[in-house]
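Each of the next two complexes has chain A plus one more chain, namely chain B in the first and chain C in the second.
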Partner chain A sequence: MLKKRLIGVITVKDGLAVQSIGYRRYLPLGKPWCIAENLDRWGADEILVLSIDRTEKNIGPDYKLLSSLAKAKLTTPLIYGGGISNKNEANKVIHAGADRICLDALLHERPRLVREIADVLGVQAIIGALPLSKIGDGVQWYNYRTKKSGKFTDELIKLFSDGMMSEALIIDWKNEGRLNSFDDSIIKNVPFNVPQIVFGGISEQSQMNKLLACGSVSAISVGNFLNYKEHAVQKIRLSLSKQNIRSALFESD
Partner chain B sequence: MKRLCIGIVDYGIGNHASMQSTLKKLGYATKTSKIKAELNECDLLVLPGVGTFREAMFGLNEYELREFIQVWALQTKPIIGICLGMQILADKGNEGGYIDGLGLIPGEVTKMKKDNRHIGWNEIQLTRRDLIFVPSEDKAFYFNHLYVFDTDSDHVLATSNHSETISSIIGNGSVIGLQFHPEKSQTAGLNLFRDSINGLCNA
Partner chain C sequence: MLNNLELKYCKRCLYSTAHPLGLTLDGEGVCSGCRIHEEKDTLDWDERFEKLKALVEPYKCNTGKNYDCIVPVSGGVDSYFIVHTVKNILKLNPLLVTYNNYWNTPLGIKNLANLRIKFNCDILYQNINPISVKKITRSTLRRFGSVYWHCIAGQTVFPVQTSITSRIPLIIWGGHQGIEQVGMFSHEHEVEMTRRYRKDHDLMGFEADDLLSIFDTIQEEDIWQYRYPSDADMNEVGVRGIYLSNYVRWDPKEQHETMIDQFGYRTTQFDRTFDCYDFVDCFNYMNLHDLLKLYKHGYSKVTDHATREIRHNRITRNQGLALVKKYEQSEIKYIDHFCNWISIKPHSLQWMMDAHRNPKYWSESSFRKWNFNGVSKQRIEVGSGRDVVDPSFIVTDDDRFDFTITNYITIGKGYL
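After this line comes the complex of A and B, so read on.
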C-alpha cells in the first residue's frame, strides 16, 4: 500500500543551509550536503532543497549545489527548487542530480512555461510551491519577492486544476521556523483538489498525526527541527507508528 | 576481475547524475552517453527515468539509438529500464496520442485509471519466484509515475497495490523493467539494483 511521506527540507541562501524563520530571518546552519547526508542516512522519504534567493537574484538554478549533492551519493529522492525559469533549466536540474523539481515564481509570472516543463519532464516530476496565509475567510498566496499577499488568479487555479503539477507544497510561511505552529486551516481553503505536501512550523507528533490523518495531505515536510537530534526521522516514525507511513528501519534490522 | 561497466543511455532526458552516483556507490564503472560506439563497450544498458514517453522516444530517434537498443536486446545482452525507461520498452505509449516504443516487452503504456498518480513508497509482491528478486519481496521502493505498463501476466514479475494493481517489475529474456527507482530507494533499492545487474550479467 502506498505510504504517506516524511520529507526533510533544507533551505539554502547564498549557498549555505539556513534556518528560515517566517521568510524574514535566516540563521546559518552549514553545508547543505552535510544535512542532506544525514537525512539520507536517517531514511527521510524525500529530501527537498529550496534555494530561496536564486530567482530574486536572477541567477538561475544552483548547479554547483546540485553537483555537491550528487557527490554525496544520496539514495533518497531529491527535490530541488530555486531559480528554474524554463524547460531547459528544468531538464538540466534533473540531469544534475534532482529527481523532481519545485516551482514558485514561474507559476505566477509565466504559467505557460510550467506546461512546457510538464511536456518534457512529466507532471509527476513537478511540485508547485504555495506560501499561504489565512486572510479573512480565505487564503492568499505570498509573493516572497514583493513581500505582498494576493488572491489566487484564475490562471493559477487552472494550472493546478488541469493537473500540470503532481502535488502542491503548502507553506505556512508566517509560522515557518516556529515550534508547533502550522495553521491547518489554510489547507482546507485551497481552491483546487491536488495532493498537498505541508510545511512550516511542523515539529510535534500531535500536529503530524492530525495532518497525516487529512485525506488531502500526501506528505509532511520538516526543516531544521530534524537537525536537533540524531536519528530524528526514525524517532518521528516510531512515534507515528499507527499512521500510514514507512516504519522506522534501523541498520540492525 | 574486470569491473562491470554500466551504460546509461542518454536520450536527452533522465536523472543521469542520480543514476551515476548510485551505480558508482555499488562499485560499477559507468558511462553516460548517446554515442553507440561508447555504449557498445558496456556490459549492461540502463534506460533512466524522469521524463515523458514522447520526449524519450524523440531523443532515441534523434540520436539513432532505437535500432541500436533493439539489436542489443536481440543479442540477449542485458537491459534495465527504470520508471520511464521501463515504459519505453513497450510496443507503444498513449500520452496525448499513440507513440511507438521500443517493442522489447509486449504491452502498452496508458494513464492510470482511478487515482491518477502513484507517488511515494510502496511494497512489491512477486508474481514469480525469480531468484534475482526473492530477497526484495515485500520491501518498499520509491515510485513516481502517472502512467502504467499493461502487459500479459507472462511478463509480470512483481506487482504493487494501489487504486489499481501496478506492474512494478516486468521482464522478457535479458530485458527487465522496474517501475520504481532503485537508485533512489535507499538500502532496499541498492540491494535490488545490485542483484538485478549481477543476475542479468551472470546469466
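After this line comes the complex of A and C, so read on.
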C-alpha cells in the first residue's frame, strides 16, 4: 500500500517567501531556497512552491526562483506552480528543476492547453489547484484574480474525470493560514474522483489524523505552520506514527 | 534587497520593501511590521504571561542538580530585562552564556559583570581562538560585506551547543527581531528558535560550512565551533528556544529604563543614533557594522530605532525622519582599533567596504567620492531640522566607551 505524503508548501510573492493568510494577508518569511533547504533536511515528502503573483502580473514562471532552488541541491521532489500558461513554459519549468507542476488559472481559462501539457509531460507531472469554499450545499472554486467564487464548469469536471491530472490540490482558501481550521466538508463535495492533496488551515494532529483517514486524501500539505517550530515536519510525523506515512528522521552528523 | 519589489514605503513608519528581512505592505500601504505591532495594544498580555509560566514549568529542575534554562546574554541589548524576567519573575535558575566577540567596550564589561553579580547567576563565556575569528572576519568582510557574521553566528550557536552538552533543553531569548522589525509572525504564532531562521536572516544565508572555499584560507578547524548541532542531537536533548517577546509586551526603551533604575544598567551616547541603550557593549556595532549596513541596505540602525519609537507613539514619522537625517551620515569611530586588531590598513579596509556599496543607493561621482541616494533621501516627506526632537534617553556614562582605551578589551573579567 502506497504511503500517504506530507508536503511542505512555500508561498512566494514578489520573490519573497511569505505567510499567506486567507488569500489576502501576507507576512514576510525569508528566502524561498532557504526554507526549501530546511524542508529537505527535515524530510518532507514533497515541496510545493507556489509563486502566487506570476499569473496575475502576466510575467510567466519564476525561473530565477527555480534556479535558486536548483542551487540548494534538494533531494526532495519539487512541485512548482505560478505563471505557467503554455506547454513550452511547463517544459522549461521541468528543465529548470521541478519534478511536477501545479496549475490553477489555466484549468479554468484554457483547459485545452492543460491537455497539451499533459501530452508533453505526462499526467503524473500535473496537479490541479482548486481553491474552494463551501457555499450552500456544494463547493465553489475561487478565482483569486477576480476575487469571486463560481461553480465548476462541465469542462473542468471533464478535465479531472478524464485523468488529465494526477492529483487535485484542494485548498480551503478562506481558512488558509488559520490554525486548525480546514473545513473537511469541502473534500466530500468535490464532484470528481481524483487523489486529493489537502491544504489550508491544517495544523493539528487530530485534523491530520482525520484527513489521512479519508480514502480520497493522498497527501496533506502544510505551509505557514512549518515555520513556527524547530523540526516541525518530524514532529508531525511523530504525532502521526499510527498513520500510513513515513516515520520521522533526524539528520545526524 | 530580498524581494523583487520596487522600493515602496510604509505609510506609518520609516521602513521600505528593501528591508533585508523582507517586508510586505497591505492594501492600505501599511507594512507588516506596523500591523503586527498593533497586537501590542490588543492582546491580553497578562493572559499571555500566564501561558509563559505554564510553558516553562515542566523545565524546572526539581533536583537542584542542573539549571532550569539557558539565557544568552551580553553587556548590552536586552540582557538585563531577560535575566530579570527569568530569574525574578518566572523564578527559574538560568545558566547565562555569552559569546566573546573580542570588541568589548569597558561599559559592556562593566554591565556584564554587574549582571552576573546583581542577579547572582552562573555564567559561561565562549572564547574562540582569535586567529580563527580574525580569519573569518576578513573572509566575511570581503565576501559579503559583514564584520559581524562571527558575532551573530557565535551568539546564536553557543547557547544551542551548551543546551546539548549540559542537557538543559530550554533556551530563553528576548525579542524576536523578525517580529519586532518586519512583523514576520504574529505574537500568537508563538514562534520558536529555528536553524532555518538563523541561517536565512541572522547569517545572511551562510552557515559555517558555507565559508569553506578552495579560494580562501579558512579551514575546517576555524569554523567548526560555529556549526549548528545536528537535528539528531537537538532532538535527543529536546532543545527548544522561546522568545519572551511573544509573552511580554515588548518595549525596549521602557524595559531598559526600568533596568537602569532597578539594577544599574549603564548606558552611553552614540554618534550614529539617538538610542543610548542597545549596543553599549561593542565598539563596532554602532560604528563599522552600522556603516556597512548603510552601504549595503541604504539605511542604518537609527532608522530601526526611529521606526520602533514611531510605532510606540513616542515620536511622529517626520520627527523620526529628522532624527535619521541627523545621525545617518555621522562619521564612524574606532576604525584604528579594528585595523590594529585585524592587521589591515585603513585604506584597504575602505576599499573592501566600498566594494559592498549597493549601487541602488550609492554612485561614485569621482574617484572615491560617493553620493548617497538611500532610503531616507528617496522619501517624499521632509523631516527637517525643525522636526528634530530629544527622544529622552537616559545617559549614565558620558565618557562614551572611554577614549583612553586604545584597544578592545578582548578578555575582561569584569569590574564595577
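Please note the rule applied: the second predicted complex is superposed on the first by the 249 of 253 C-alpha atoms of A that agree within 3 Å, B and C clash if a C-alpha of one lies under 4 Å from a C-alpha of the other, contacts with A are read in each partner's own complex, and residues count from 1 in each chain.
Methods note: a residue touches a chain if its C-beta (ideal position, glycine included) is under 8 Å from a C-beta of that chain, and two chains touch if they have at least 3 such contacts.
Computed from a predicted model, the values in this text were never measured in an experiment.
> Is the arrangement of chain B and chain C around the shared chain A a clash or a fit after superposition?
Partners fit side by side after overlay.
> Please work out whether A:202 is in contact with chain B alone, chain C alone, both, or neither, and reply first, second, both or neither.
neither
> For A:99, select first, second, both or neither according to whether it touches chain B, chain C, the two together, or no partner.
First partner only.
> With both structures fitted on chain A, tell me whether chain B or chain C touches more of chain A's residues.
So, of the two partners, B touches more residues of chain A.
> Counting only touches as set out at the top, which of chain B and chain C does A:26 meet: first, second, both, neither?
After superposition on chain A, A:26 lies in contact with chain C alone.
> Could you tell me if A:117 is touching chain B, chain C, both of them or neither one (first, second, both, neither)?
After superposing on A, A:117 lies clear of both chain B and chain C.
> Once the structures are superposed on A, label A:250 by its partner contacts, choosing first (chain B), second (chain C), both or neither.
Touch status of A:250: second partner only.
> So, A:234: does it touch chain B (first), chain C (second), both, or neither?
second
> Which value, in Å, gives the least CA distance between chain B and chain C in the superposed three-chain arrangement?
The answer is 14 Å, the least C-alpha separation in the overlay.
> Give every residue of chain A touching chain C within the complex, in rising order.
13-19, 25-31, 34-35, 37-38, 41-42, 224, 227-231, 234, 250-253
> Once bound in the complex, which stretches of chain B touch chain A?
Contact set of chain B toward chain A: 12-18, 20-22, 24-25, 50-52, 54-55, 84, 116-123, 140, 142-146, 161-162, 181, 183-187, 189-190.
> Spell out the residues on chain C that touch chain A in their complex, using ranges where they run on.
Per the touch definition, chain C meets chain A at residues 2-5, 17, 21-24, 26, 32, 36, 178, 182-186, 189-197, 199-201, 205, 230-235, 239-241.
> Taking the complex as given, what residues does chain A use to touch chain B?
Where chain A meets chain B, its residues are 1-5, 40, 43, 45, 66-67, 70-78, 91, 94-100, 119-125, 163, 166-167, 195, 218-219, 246, 249.
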